[in-house]
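Sharing a structure with you now.
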Amino acid sequence: MARRENNANFSRLLRKIKSKPLERELGFGKNITLDNRLMNPDGSFNVIRESLSPWDNIYYHLISMSWPRFLWIIFCFFLLLNVLFSILYLVIGVDQFNGVTPGTWSQNFMQAFFFSSQTLTTVGYGHISPNGLITSILASVESFCGLLAFALMTGLSYGRFSRPSARIKFSEQMLVTPYQGGYGLMFRMANTSRSELIETEVQILMAINQREENGELTRKFYPLTLEISKISFFSLSWTVVHALNDQSPIQHFTAQDLADSNAEIMVLVKGIDEASQQQVHTRRSFVASDIVWNARFSPIVDHAPGGVPKLITKKIGKHDLLETQAG
Amino acid sequence: MARRENNANFSRLLRKIKSKPLERELGFGKNITLDNRLMNPDGSFNVIRESLSPWDNIYYHLISMSWPRFLWIIFCFFLLLNVLFSILYLVIGVDQFNGVTPGTWSQNFMQAFFFSSQTLTTVGYGHISPNGLITSILASVESFCGLLAFALMTGLSYGRFSRPSARIKFSEQMLVTPYQGGYGLMFRMANTSRSELIETEVQILMAINQREENGELTRKFYPLTLEISKISFFSLSWTVVHALNDQSPIQHFTAQDLADSNAEIMVLVKGIDEASQQQVHTRRSFVASDIVWNARFSPIVDHAPGGVPKLITKKIGKHDLLETQAG
Amino acid sequence: MARRENNANFSRLLRKIKSKPLERELGFGKNITLDNRLMNPDGSFNVIRESLSPWDNIYYHLISMSWPRFLWIIFCFFLLLNVLFSILYLVIGVDQFNGVTPGTWSQNFMQAFFFSSQTLTTVGYGHISPNGLITSILASVESFCGLLAFALMTGLSYGRFSRPSARIKFSEQMLVTPYQGGYGLMFRMANTSRSELIETEVQILMAINQREENGELTRKFYPLTLEISKISFFSLSWTVVHALNDQSPIQHFTAQDLADSNAEIMVLVKGIDEASQQQVHTRRSFVASDIVWNARFSPIVDHAPGGVPKLITKKIGKHDLLETQAG
Amino acid sequence: MARRENNANFSRLLRKIKSKPLERELGFGKNITLDNRLMNPDGSFNVIRESLSPWDNIYYHLISMSWPRFLWIIFCFFLLLNVLFSILYLVIGVDQFNGVTPGTWSQNFMQAFFFSSQTLTTVGYGHISPNGLITSILASVESFCGLLAFALMTGLSYGRFSRPSARIKFSEQMLVTPYQGGYGLMFRMANTSRSELIETEVQILMAINQREENGELTRKFYPLTLEISKISFFSLSWTVVHALNDQSPIQHFTAQDLADSNAEIMVLVKGIDEASQQQVHTRRSFVASDIVWNARFSPIVDHAPGGVPKLITKKIGKHDLLETQAG
């Protein structure tokens, strides 16, 4: 019942949207689902791209995974290579080495393994050394593989280090709260990086389900204009505000309207990271259920001794709403 | 006969082109051939640049070749260096080494080779070691060369890894198909990379042979305007459409007209690759014979469980036309 | 007394400011203190950002510290790793090594330490070599750690080398001096890098405490327009001038007015560094006490033999004021 | 006599310049000499910047020198380090090593040198190994120095490889030749790189000595407008033309006028190098004596079999003028 009324109300509201939806698509083509969110909360798109081959994007994976996982993969790769060559040496025979005392299978394997490891890392103590022709060739190949693997590892490490990124932390919620006589839709973000972020720009795009004149329900995109959309420096925190005034396409929307139209508010931030002097981009998506009405953000900037403003980074995120007032 | 009529028809059509050709050239100067395509299908230009020296662009070559070829070249280079030093050691005499038992020529060579390899990779087991003055000096030089070669290899590997590129796959054909009451010329492209491509922009430039007022046949360039030429995100696929309306310079062209005027449609795509946060460019060229009339593209986006859109990358390219209808 | 009059004078002056303050904030939110400077003289912001974890910005730290400190940290890190493995070897027992003569504790430690160091750097002479199972495994792990640490060190070194920066030296003072019939506020900067800085642009932003109509004292931002704000090349030195004319918000300000309003003048420079072909940014902040009245800059460009202009870099900074004249 | 007349003529011409000189300076301040060229032919500025310290711009030097010189410096640096440690080992005494047979001074030095070299490159055969405490410590330090030096060398190599540059070759001369009914001032440039240069833009700036109304001779800058100043692709060659028409500030200048006014024409090129996907800049300067009247450029694009245009790179430069006609 309430739903039906809401829908009627919702259609009435949509008819009142004066601003026109964006012509430009989001690269989803006509395959946008009406029910799913388009963007995950972390800014990645909610799509699957079947890759042409697993090797295609291996650099991207190795660059973007976490450090512990990266180090673990590197370690496993070296171990695997090590074991592989050990087995080859074992098959050829440990009698093809100087300094190896043939023993049980496991003793032989360990000696082959240690020789292999000393070759792969080019440490080459020499208390074990290749004697036969094939072991000598294999050892040459292994030390070359070691150098190559190490060259790639160095390249990847630098790629990971230098990957420019905007370390921006967003509030978990959007608020609708009194603002300049009317209401404003706002979220907050903080720069948690040591490096300054300059010429920072924010764009907000809203996706809602809207009934076309022919009755078909489609997903439309509206830009939400901001009071301030660009700042010279993003030093501490920034509360970005969309005024729910006459120009806003969602001026008279209620919480229920936003939920019914499956509203999704996508935030696009770009700026220049001073450490790398490169432009960086980051995104965040909020859905109807992330919007809190009549709350306000708790302060996250303290004053250190001497009056210097101090950002308390850990307060951004889950714990940054001060109180919820009556509507 | 038909050709002559077509030509007449073609000239008549060209006279009707209201839009003016581009003043800006394509960097070919006046050396454009009327018969050859200007751009290869992969986006490289159909020209030959005689380099000043083979060393000039060696970095470009090593960076842009395929990985197997790169690894093969690196391997051959190390092998060559290895053999070169082996021969020098052999010439000086294997008696200048500790741990080498002089034997037949081939035995001596193998021992020199293994010593050389252990020096070049800095593994240095030590069961063979230089004894004489000249072998010691040579070994010092070789280990330095090994370090240097390895430094260059590391640099090249990273250069290859980090080279920003737009992994866009284009449809093999362009279509002319009913669009908004009239006809549209369209092609499709898909993002096959794991990384998002943002602020993606497309430009289309058409080259046709056109008879000037003085009767001379020259190659002219026209921009083809697009309904949507920029999207915020290029997440899955994008069908780029040039409406064959009044503003189009080729509104009334037939397939034969396009073939006769040796039409070439060059597609220029640029966007920001999120993995490297850098702008990337890619190109594709279509000629008259790549244009299919009255066909349409088969769907390439499926829905994974949960309604998440899923790009089936392998469908882009050769197999993406659904059916050919009667004209 | 003088202060009170000055304040009255100051309020009167502020009422006369015709230009409007900037809407865009500086990313400080409402947490701007009225007493502290916003920007340190070196261009960093006078804020504290509590990081989420000490690891978060480790790359930024290692990249931006001085070279001696960086090398020291690298050295200490290798030493620490070395000692750590030495202790492990010592605990397992030096009898697990070939070539070690057990002796006093310190003798054993030194031998373990040297073995460890030879393993970590992969030098591996082999006069000491692991004998037992656990020492062999440990040595394998240590040589892998050595490779990894070295890969990271290489990445960091390149990151430090290639970090684009504008090596601009600013004058220590700003001057207010006769300029084009009226007065001008000016500072000077010189390019001290070997690399050219092209398309260099300067922006000046002034922050002053200003009493709002409701009597509240707030910090406002005004852009100060420049006669020339962009030059094609920044080859030697550039004296940047803000004319104190009708358009200036601080036309009639006295030294006392600037001090009373806690004026801070922030200079933002950007340009393209030719060595890296990348855009670089740099900043400088001047406060009221940095402004010298009726002085002028001493020449810093000399002429080398042949008439070639020569920048005397060391004159920029503390010693670049020629004389102070009467007002 | 002729000079005086020319000067009179020259002043008359300058009075006729309708376009206004550029306000923006070139970063030379008021230190521009009237007699010297501002830019060297290779695009570097004709100035001297006294660096704050020799270390300041060491990366720039190492990155921009030629490969042979770079490799030579690297080699010398390793040799120096090697010799330095050799001397230290020698001072401590060769009896502190296993495997060294004490002999004459030079024999001892060579053995110390080879041990040092084996340590620095981490090859570590082990037939010589440190025995005493101090030699062991020194050897540890040396192998660490080797690693560090190698890390820096790797970083520098990559920095050299990846340094984006526009490999554009310019004609040695500018021509004044009949063009579109009047005359045109033109030069030619060719892309000699394997990589495409896209969105290439050219700007021309002329510097001439001009007598101000108060009689003072000063250096003024005028932009010279181009028929085509931007091309989508710079594939082969491009003849850049400034029409000497009514809009040109030098329409009626003679060769003598250009020489008398010490005219210098600075060409600024920028474009996006596709290999690195980065914007690159390059410059060239022409002075009055580089301008040839009534000549034309010889063709530099040939046609390979199949009609593919082929750039003959070596023809650009000194040998690209076809003939000199009578004026």
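We call the chains A, B, C and D, going by the order they appear; numbering starts again at 1 in every chain.
Rule of thumb we're sticking to: a residue touches a chain if its C-beta (ideal position, glycine included) is under 8 Å from a C-beta of that chain, and two chains touch if they have at least 3 such contacts.
All of these numbers come straight from a predicted model, not from anything done at the bench.
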| item | value |
| --- | --- |
| Result of counting contacting C-beta pairs for B-C and B-D, higher pair | B-D |
| Equivalent-chain rotation between subunit B and subunit A, CA atoms, steps of 5 degrees | 90 |
| Numbering shared by both copies at the subunit C-subunit A contact, with half separating same from different | different |
| Whole-Å gap between the CA centroids of subunit B and subunit D | 29 |
| Computed distance of Cα centres, subunit C from subunit B, in Å | 40 |
| Multi-chain contact sites of subunit A, meaning residues that touch two or more partners | 118, 122-126, 150, 154, 158, 278 |
| Partner subunit A, residues of subunit C touching it in the complex | 23-29, 31-33, 35-36, 44-52, 56-57, 59-61, 63-64, 98, 118-119, 122-126, 128-130, 133, 136, 139-140, 143-144, 146-148, 150-152, 154-156, 158-159, 163-165, 205, 268, 278-281 |
| Complex contacts: residues of subunit A adjacent to subunit D | 122, 124-126, 154 |
| Of subunit D, residues touching subunit B in the complex | 71, 74-75, 78, 82, 110, 113-114, 117-118, 121-127, 150, 153-154, 157-158, 160-162, 167, 169, 191-198, 200, 227-228, 230-239, 272, 274-278, 301, 303-304, 306-314 |
